[in-house]
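For reference, chains read A, B, C and D in written order, and residue numbers begin at 1 within each chain.
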Amino acid sequence: MDDYSRPFFRAIAVTSLLVTATALYLLKGDIMNALEVLLTDPLAITATGLFRALVFPGLLFISVVPLMAEWVERKFVARVQVRVGPLYVGGPEGLLQPVADMFKLLFKEIIIPKNADRPIFLMAPVFAFVLGALPTIVIPYSPSMVIWNYGYGVLLFFAILAFFPLDVLLAAWSSNNKYSFIGGLRALYQQASYEIPIFLSALPAVMLAGSFRLADIAQAQSKVWFVFLAPVSAAVFFVSMLAEMERIPFDMPEADSELVSGWTTEYSGMAWGLYQFSIYVKMLAFAGIFVVFFLGGWTGPPVLPAVAWSLVKVSVVILVLLSTRAFWPRIRIDQLIRAGWGRLIPLAILNILLLVLFQHYLPGVVG
Amino acid sequence: MNGLVVYIAASTVFLAIGVYGLLSKRNAIRIMFAIEIIINAANLNIAAFARYMSYDLGQAQAVATFVIALAAAEAAVGLAIIIEVFRLRGRVDVDEMKEMKG
Amino acid sequence: MDYIVPLALMAFSSAAALFSLESKSLVYGAIALAVFFLGLSLFFFYLDLPYLAIFQLAVYVGAIVVLIMFTVMIVGDKQTREGRAPLVVLGALGFVSMITSFAYAMEYFGSLDLVPSAQPFSMASLSAAIVQNYGAVILVLACLLTASAYGAIALARKEAEET
Amino acid sequence: MAVLGDGSFWFLVYLLLLLTTGLVLYSVSFALAPRVRSPLKEETFESGQIPPGGKRVRLVMQYFIFLLLFMIFDVVSMLLFAWGYAFFDYGPAGSAYPVLLLFFLVPPIYLTLKVARQVGV
C-alpha cells in the first residue's frame, strides 16, 4: 500500500470501526440476553432477534446462499454446455470454489482509474451491497422467522429497490469510462422500465390479501396460492424479476461481448466482488418475495415444517432463475423496453381488471 | 412551547432555503432543486399539522401524496424542457431562455 | 426530550438542502438532494406516517432524483455562470421576511397547548380517503398526469428525432 | 409517536450489520492487496484501444421519453397500492376511480411506443 491509497484505507477502516462500535452498543442488551438463552435453553435461541439478524434469515444465511447459488449456477451451466465446471477446490465437485474465489478477490488490487470521481467510485460498491441485502429484512420464512415483521413490508421492499438505479448510475458515471457509462444508462433504462411491471404485478397479491405485511400475504394463501388466482401477474412478475436482476436474457447492462463488462468494467478486486454479491443476494430477496406473493410462502401440506417449505420453494425459484442463463440468448435493448412497456404493463393491468371483475367471487377462496 | 413549533421552524427553514435558491441561481437544474425543496417544506407542514392538530391522518397523507404526484408531473415536464433548451442552446441558464418557440 | 430528534433532523436536512444548492458539482448536489429527501422521509417516519415516508422514498429518491441525475449527466456536471447579485439580496430579504413570519407563527402556535395525537395511523383510513373522499381528485390527477406525460413526450419527441 | 417501536430497532441493527460487513470486507481487501501505481494500469479500459476523446462524453439518450413515462407511472402505481389495500372493503364502486386512473395512462404508453417506432428506436 502506497501513500496514494492510504487515505482511502484509513477512512474506510475508521468508518467500519465506528459502525461496528455503534452496532455493538445498540446490541449489548440483546447479546447478553442471547448468551443467557444459549446457556439455559439452546433451542430457544432461534426465537431471539439476534439469531434472526445474525444467523437464519439474516447475515449468515444471506452470505451463504449467494456462494451456493454461484456454485450451482456454474455447475449447471457447465453441464448444459457439456463441460464439468469447478472440480478441484474443496472436496466433491469443487464445492468450495466460490469461497476460494472470495479469498482470491480479497487479495486482488482495487484499481482506481484515471480521472475517476474517487469518493463515489469507492463508496458505490458498499452501498450496492447494503441495498442488495437490505430487502431480505422483511421476507418471512415462517410466521415468526422474519427479522422485521413490518406492517408496510411490501412498500419498504419496493422503496429499497428503487435506490438501485441511482447507485448503478453513479458507479457508471464515476468510473469515467465510456463503456461503463453506456452500461449504466442501459441499466437505468432497464431497471426503470421494469419497476412499473413489478409494482403493477405485485398489486394483485396486496389486493387479495388486503395487507402490506408479507406474513399476512403468505397466510392469506392457506387455501389457494395466488399463482392460480393471478397467473398473468405471476408470469409478469417473474419476467420483470429477471430484468431487474440483469440475468441473462436481459443482461444488456453487462453485455460482455459488446460492452466489456458494462457498468462494472472498471471495478476490480473486492469492489467487484461486492457488486457480484449484491446481485446474487438480490436474487435471494426476489425469490423470497416471489414465493411470498404467489407461491404461498410457508404454506403447504404439513409433512414438512413451515421453514422447510419456504426454503424448498425459494430454492426451486432460484434454480429456475439460474437456469435461464443456460438456455436463452440475449435480446436487444429496444426489444426489452418495447416488451416492458408494450406487453408486460398491459398484461399486468389486464390481470388487475380481471380481479376487479371477479371481485364478488374472490372472498371465499382467500384464506 | 410545544413540539409543533420545531416542525414549523424546519418547514420555514426549508422554504427559505428553497426561495433563496430559486432567486439566486441561474442554472435551470439548480432551480429545479429549489422547487423540490419548497414542495417538500409544504409537505412537512401538512404532515406535522395532521399529527399535532388531530386531523384525520389518512386524509392528510392522501393530500401529501397528491402533492408529491404533482411534483413528479412538474419534474417530468421541467426536465424535458431543460433537455430541450440544452439541445437548442448548449447550456441551461435561465437568463438565456428568452424565447421558447422550440 | 421531545425536541431533539426533529431538531437533529432539521439540522441534517437543511445542511443537505444548502449543500445541494451551493455545491460546485451538480452530481454531488443531486446526491445531497437525495439526502434531503431521505431526511424528510425520516421526519415522516418520526411522525408515524409510514405510508407517506415510503411514498416519499420511492417517488423522490427512486424516480425524481434518478431523472435529475440523468439530466445532470447529459447536460454536463460543470457549472455555467452562477449567482445573480441583485437577486441574492432579494433572496436574503425573502429569507428574513420568512423568519419574521415564522416568529409570528410561533407566537400563535407556541402558545397553544398541543400534544401529538396518540392515534396510530391505520392504513384503512388512508384507503378510505383515497377511495371515498378523493375519488374526484384522483380523476383530476389522472388528467393532469396524462397531460404532463403528453407534454413531456411532445418535448422529447424532437430530441429523439434528431439523434 | 413510534420511533423505534414496531421492531424497527432491528432495521437499524441490520443496516449497521450490513454496512459493517461491506466495509470490513473492503478494508481487509485494501489492507491485504498490493497497490502498485502505473499510468498504464490506471488508464480507462476500452478493449485495449487508447481511450480517445474528452473526459466525459455526452451520450445518446433516445430512451429519455421512457424515463419520463416511468416517473408518472411510479407515482400512479404507488397510489394504487393504497387502493389495493382496501380492495374488498368498498365493493365495485370503490374500484371505479382507480381503474379509470389506469385507463387514462394507457394512451401515453401507446403514444410513446409510436414515437419510439417513428424515430426507429
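Simple rule for what comes next: contacts are C-beta pairs under 8 Å (C-beta built on N, C-alpha and C of every residue); 3 or more make two chains touch, one makes a residue touch a chain.
This structure is a prediction, so every number in the text was calculated from the model and none was measured.
Farthest chain from chain A (centres taken as the mean of C-alpha atoms): B. Judged by contacting C-beta pairs, the busier of the interfaces B-D and A-D is A-D.
At the centre of the protein atoms shown, by the Cα-centroid criterion, sits D. Note: centroid distance chain B to chain D, computed from Cα atoms, is 21 Å. Distance from the chain A centre to the chain D centre is 14 Å, each centre being the mean of its Cα atoms. Averaging C-alpha coordinates per chain places the centre of chain B 5 Å away from that of chain C.
For this pair, chain A with chain C, the centres built from the Cα atoms lie 29 Å apart. Shared contact sites, meaning residues of chain D that touch two or more other chains, fall at 1, 56, 59, 61, 64, 67-72, 74-76, 78-79, 82, 85-86, 89, 112, 116, 121.
For chain B, residues touching at least two other chains, in rising order: 51, 62, 65, 68-69, 72-73, 75-76, 79-80, 83.
Of all residues in chain C, those that touch two or more other chains are 47-48, 51, 55, 58-59, 62-64, 66-67, 70, 73-74, 116, 123-124, 126-128, 130, 141, 145, 148-149, 152, 156, 159. If touching chains are joined by edges, the resulting network of the protein chains shown has some other shape, matching none of path, cycle, star or complete graph.
Interface residues of chain C, counted against chain B in their complex, comprise 2-3, 6-7, 9-10, 13-14, 17-18, 20-21, 26, 29-30, 33, 36-37, 40, 43-44, 47-49, 51-52, 55-56, 59-60, 63-64, 67-68, 71-72, 74-75, 79-84, 87-88, 90-92, 94-95, 98-99, 101-102, 105-106, 109-110, 112-117, 119, 121-130, 133-134, 137, 141, 144-145, 148-149, 151-152, 155-156, 158-159, 162. Residue ranges on chain A touching chain D, taken from their complex, read 1-2, 4-5, 8-9, 12-13, 15-16, 19-20, 22-23, 26-27, 49, 52-54, 58-59, 63, 105-115, 125-126, 129-130, 133-134, 137, 147-151, 154-155, 162, 173, 175-179, 181-182, 185, 188-189, 192-193, 195-196, 199-200, 203-204, 206-208, 210-212, 260, 265-266, 269-271, 273-274, 333-334, 337-338, 341-342, 345-346, 349, 352-353, 355-356, 359-360, 362-363. Residues of chain D that touch chain B in their complex: 1, 61, 64, 68, 71-72, 74-76, 78-79, 82.
Those residues of chain A whose C-beta lies close enough to touch chain C in the complex are 117, 120, 151-152, 155-156, 158-159, 161-163, 165-166, 169-170, 173, 181, 185, 188, 192, 195, 212. Looking at the complex, you find that chain D touches chain C at residues 1-3, 56, 58-62, 64-65, 67-72, 74-76, 78-79, 82-83, 85-86, 89-90, 94, 96-98, 100-101, 104-105, 107-108, 111-112, 115-116, 118-119, 121.
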